[in-house]
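Look at the two complexes coming up: subunit A is in both, with subunit B in one and subunit C in the other.
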Partner chain A sequence: MVENFLAGTAALFGDPFTVAIFVFGVIGGMLFGAIPGVSMLTLAAILLPFTADLEPAQGVMLFAVIYCTGTYGGAITAILFNIPGAPENAPTAFDGYPMTRKGQSGKAVGAAVLCSAIGGVASALVMMAATEPLANWAIRNIGPPEIFALVFFGLAVASSVGGRTIWKGWMSVLLGLLIATIGQDPVGGINRYNFGFTDLAAGIAFVPAILGFFAVSEIFIQAEKKATGKFDAPKVGMSFPSAMELWMHKFAVLRSILVGFFCGILPGIGATLAAFMGYGEAVRWSKNKEEFGTGKLEGVISSETANNAATGAAMIPLLALGLPGGALTAMMVAVFQMHDLEPGPLVFYNSPELIWIVFAAMFYANLSILFIGLIETKTILYLLKIPFQFLAPLILLLATIGAYISRGLVLDVMVMFGAGIIGFLLRRTGYSIPGIVLGLILGKIGEQNFAQGMQMVHYDLGTYFSRPICTILIAAGALTLATGVYRAFASPTNKA
Partner chain B sequence: MIETGVWALIALIFFAYSFEFNQPIEIYKFGATGWPRVVLVLLLLVTAGNLYHHFKHGSAIQKGRVGIAETDESPTDYSNPATLAKIIAILFTPFLFAWLLKPVGMYSGAPVFIAAVIWLFGERRWKWIVSITILIYAILLGLFVVALNAPLPQGNVSPFYDFSGFILKMNTLLQKAW
Partner chain C sequence: MNRLFGIGVAATMMMVASGAANAFECKVKEASMDKPGGFPERALTMIVPYGPAGGSGQVAAAMAEGVTGLTGVAINRDHKPGGSGTVGMTAYMASPADGYNVLEHIDDASSAHALDSSKPNPATDLIPLVISQVTFSQIYIRTNETRYNDWESFVAWVKAQGGKATIANVSKEGSMERVTMKFITDATGMEIQQISFDKGAPRYGALLGGQVDALFEQPGDVRKFLDAGNFKPILTIFDERPSVFADVPTHREMGMDFDPLLRFRGFYVHKDAPADRVKWLQWAFQRGYCQDSYQAFNESKFMNVIDSYRDTAGARDLITRSVAQYRDVYKAMGMDVK
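The block that comes next holds the complex of A and B.
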């Protein structure tokens, strides 16, 4: 492994043009990841046609680098403005933004930089060591029932976060699941709930919905505060987390690396669920659960470590099995195909140099987050000094373009602003926006895998429980729900 | 009660609409309505639970809840009609902008939208409103039109469509001169 890694490093840094592509990918991913709605996917889509002129290794490597740094980039806006650059940064905002309100933005962004780098580097190392054996294990043990069970567990965890009561947490998740049913059903392709709009046949796109629920509703909340004289500008804080503070969270980091890696390895799940589950597990294991959501460093650490830990793992099904885990890895399949290559086990034998340049590039891209991210943080924190009345139209306009650009539909912009108004009203009444978003993201994956799983076991639910991973995940999800039911009926309230 | 009514109405509407696509799928026993109807039943059950909680504890926050934002805890006083009008204007101005995107387009609509939002957020110094509007518009054109060539809505009503055409023509000339 070490020789291969060194050979990959030499190939990466031996050619100035490859280095230039690497640097472009690092900076481009960070910048586009930080623009709400536009995201690294937009950059990747723009670059896709140009990769035909590159060497196959350069093309795949560029996308891998954008994937790593773009996943980190979205954390910045999540922390500073409560506007996640991408769904995988949504849980980062839970505690990151309250930290900004308390004048601890530097600490939150610093932790995000460091933990993204740690999660990503660890993931890259495990990916290098274990792609082949892990892929073999996954292909034997992970099927639709396991993916459904994981989605069930993820939703059960999500319902316990964010709502004023457990009931409102569940209602939020169910609303997200209901919104996810709009569009074609994932088995038969039958149109559902399009209410006469043909554009709705493709369903509610994630990007406009997420921008609406998070970014636009946040602008409305701040606008309401301005109108009622309660507006309090976020404070700029430049203090970074100390080594001791980070050391105190070593178990959270380790746990999130494991969670992120496990979620990343599953096709179709990826970094978003990793971030939510990383956060959820941090809450579950904490002795001070109530402090989460009020500006707890551990929340930022858990979410950002987990989503970057998923990036390396997401390359495993792609490279070893040819299965893309998400939109960006699907574009990487297109890069392979443009060069008459098929991702899959044979790539390891036919093009080992390509594999090891990509592995080395991902390792160094995650290290780059540490250095470039720290420099970037110091500059970007000054965005908070811009008066909100000037920042709000810029954010709204960027969000409008972000919502429109992916599918070229004005309907998506309407959906975004509609979600903004609904999000504003739901937040005012104590519902959980993250719960809605996770329900929306996981709804289709859950339904599809449930249907496939049921067909697989001939509609015998008992067979689900003969599969150990499936049983463990369903039991953990059921336990989470049961605890919620017990609390819903037994727990007293905090304040009236 | 209003909250419960709204949720029940949503569930009812979605359930009624589910008959529109209630057809069997040959390879899947539960059909296209299976999953959404289960979600709707669960939603109704949880709505009933929420109502029970409300009767027992009012709108109090449950003990041990995680991730409650401070905005959820502070009730706003809407007794002043001017405040209410301002909030409604802020909520619906972006929606109006989105609705006008097809006929007016992004290039003509964006400057008016930017200025309107700045004004609605309480800025009254017209020099600041104009200069920040120009700055944001320049960022929009520089990043998305010149650098990325992103296809933005051009509008379909004259003179807005002509103005979009002019901007795009200028961009083409700029790209050629590059």
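The block that comes next holds the complex of A and C.
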């Protein structure tokens, strides 16, 4: 492995043009990842035709690098302005933005930079060590029933995040699940709750909903404070997390690497579930669950470690089996095909040099996040010094463009503002925005896999429990729910 | 139903014959055409009702490359996925009918119109510029499968499971996959649970990993698994054996007397677009099909196994026959045909 890695490194840095492509991918991924609605997918779609003129290794490597740095890029705006660049950065905003309000933006961004790099590098190392056996294990042991059980577990854990009471947390998750049912059902394609609007047949898109619930509702809240004289501008904090703080979170990092890797390796799932699951696990293992959502460093660490840990893992089913884990890895298939290659087991035998240059590039791209991210942090934090009356319209404009550009539908802009108003009202009454977003994103994945799982077990729910991984996850979720009910009744503050 | 099958057989024969005639078009050396009144003066927009990474996204990219290579006119692709193509179709119908907007769509548009006539009919509400991919379906099993190894042993095994066998596909109400599977189960008397996946990777992973017992798909989509020796077809749902699958029996050979429904992808313009612009677009897209880059793409996707080309008249014929066939089948299935 080491020999191959060194050969990949030599091939990567031995050619100035390849280095230039690598640097372009690192910076491009970060920039596009940070712009809401545009995302790394937009950059990838723009670049796709141009990769035909590149060497196969250069083209695939470029996309792999964009994937790594783009997954990190959206963390910056999530932390500084409550605008996640992509759904996989949404959990980063849960605690990252409250940290910014408390003057700890530097610490939050620093943690995101460091943990994205750690998660990505760890993932790249495991990817290099055991791509083929891991892919074969995952494909044989993880099917729709297991993915549904994982989502159920995640929802059970995360329902306690961010609400003023446990009941309100659960109500928020249920609202998110209800929103997730808008659109066509995953089995029969029957329209639900579209009220005659064709565009709603596609359901509520994640990006405008997230922009509305996070960014727009935040602007409304700050505007109200400004109007009532209670406005408190976010403080620009430059303190990076200390080595001791990071060491204290070593288990959170390790846990998120495992969670992110596990989610990333599942075909068709990818970094979004990884980020939510990483965050949810941090909550589950914490002794101070109620602190999550109020600006807890561990929240940022967990989600950013997990989503980058998923990037290397998502390459495993792609490279070993030819099964892309998400939209960007699916585009990578097109890059392979442009050069008459097919990802899959044969690529390891036919093009080992291509595989190892890609592995090496992903490793170094994650390291680059560390260095470029730290430089970026020191400059970008000054954006917070822009007065609210200038910053708010700018964020609204950015969010509106982001909502519209992802699908080019006016409906998405309406969804964004609708979510902003609903989010504003719910936040005032103590409901949980993270809970709603969790319900919305995990609900779609969960319903799809539940329906497939039920078909697979011939509508015999009991069969779910004959699958060990499924049983463990459902039992853990049920236990979490039971504990929540107990806490809700035992604590007077949770009864409201 | 027998009458329906009879009509279907005739329709398929005509479709194949019509396709064979149209395939000759690529030999016509008509490499240039004057732009009518300077049209197009700017880039065209192609609305694609599916994501960029799937089969439709790829065919849209390949055709755009072919047309741009031929004419020098850039084509911006605007992906509007959702609702099995209805979101993109609605967006397209609302866009200006000035010839600058073209639509990529698959046979879902025809089946959707057959089920609900208020939805646009691709043969009359739109003008087909070209249909550039026509393909058939097959049923696949794992190559290392030990429980069965051909269609007959598969059917016997499925029957022995008492309804507990599974097949992965992209079935939705009224989809080509679901209708075809009804034909197959009716004809064989077997009962099999269809499991619908909306994305390719989980669908193929389900077969690779043994989560399902078989897969319903088109050969171009699983070519890499065929080339790698992971999957093997045990049934071709087409009237004759394509030469590259010469050792795979057809459904008719296996005693199933139904008309195969084909998967087709094509490009359209609004019927109200100016006639001279439509004529230029027809020329550009039909010649685009003949470009080397597009032909290489189709070949890589097994889309040259049967004739994949239909010009405007051929496309209208294919769509009209498909709509009628779907409508009859839906009524026979007791579905609410509007």
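As a convention for this text, the second predicted complex is superposed on the first by the 493 of 496 C-alpha atoms of A that agree within 3 Å, B and C clash if a C-alpha of one lies under 4 Å from a C-alpha of the other, contacts with A are read in each partner's own complex, and residues count from 1 in each chain.
Here, contacts are C-beta pairs under 8 Å (C-beta built on N, C-alpha and C of every residue); 3 or more make two chains touch, one makes a residue touch a chain.
Only a predicted model underlies this, so the values are computations on that prediction, with no experimental measurement involved.
Of the two partner chains, subunit C is the only one that A:317 touches; subunit B does not reach it. Of the two partner chains placed around the shared chain by superposition, neither subunit B nor subunit C is touched by A:363. Within the superposed three-chain model, A:430 lies in touch with subunit B and out of touch with subunit C [touch as defined at top].
In the superposition on chain A, contact of A:455 is made with both subunit B and subunit C.
In the superposed three-chain model, the partner touching more residues of subunit A is B, compared with the other of subunit B and subunit C.
Legend: residue contacts after superposition of the two complexes on their common chain; A:331 is shown touching subunit C, with no touch to subunit B.
Residue contacts after overlaying the shared chain place A:63 against neither subunit B nor subunit C.
Legend: residue contacts after superposition of the two complexes on their common chain; A:140 is shown touching subunit C, with no touch to subunit B.
Contacts of A:408 after superposition on the shared chain: both subunit B and subunit C are touched.
Look at A:187: by the touch rule set out above, it reaches both subunit B and subunit C.
In the superposition on chain A, the residues of subunit A touched by subunit B in one structure and by subunit C in the other are 187-188, 190-191, 408, 451, 455. The touching residues of subunit C, when paired with subunit A in their complex, are 51-54, 58, 61, 65, 78-84, 86-87, 90-91, 163-164, 166, 172-175, 193-199, 201-202, 204-206, 208-212, 223-225, 227-228, 230, 300. Those residues of subunit A lying in contact with subunit C across their complex are 41, 45, 48-49, 138-144, 183-184, 186-191, 198-199, 201-203, 267-268, 317, 321-325, 327, 330-331, 333-334, 337, 340, 342-346, 407-409, 448, 451-452, 455-456, 458.
Partner subunit B is touched in their complex by these residues of subunit A: 46, 94-95, 98, 101, 160-171, 174-175, 177-178, 181, 185, 187-188, 190-193, 195, 216, 220-221, 223-224, 226-228, 230, 283, 289-290, 292-294, 387-390, 392-394, 396-397, 400-401, 404-405, 408, 410, 413-414, 416-418, 420-421, 424, 427-430, 432, 434, 447, 450-451, 454-455, 459, 487-488, 491-496.
Chain contact summary for the complex, subunit B toward subunit A: residues 3, 7, 10, 14, 17-18, 21, 23, 25-32, 35-36, 39-40, 42-43, 46-47, 49-50, 53, 57-72, 74, 76-77, 83, 86-87, 90-91, 94-95, 97-99, 101-102, 106, 110, 113-114, 117-118, 120-123, 128, 132-133, 136, 139-140, 144, 148, 150-153.
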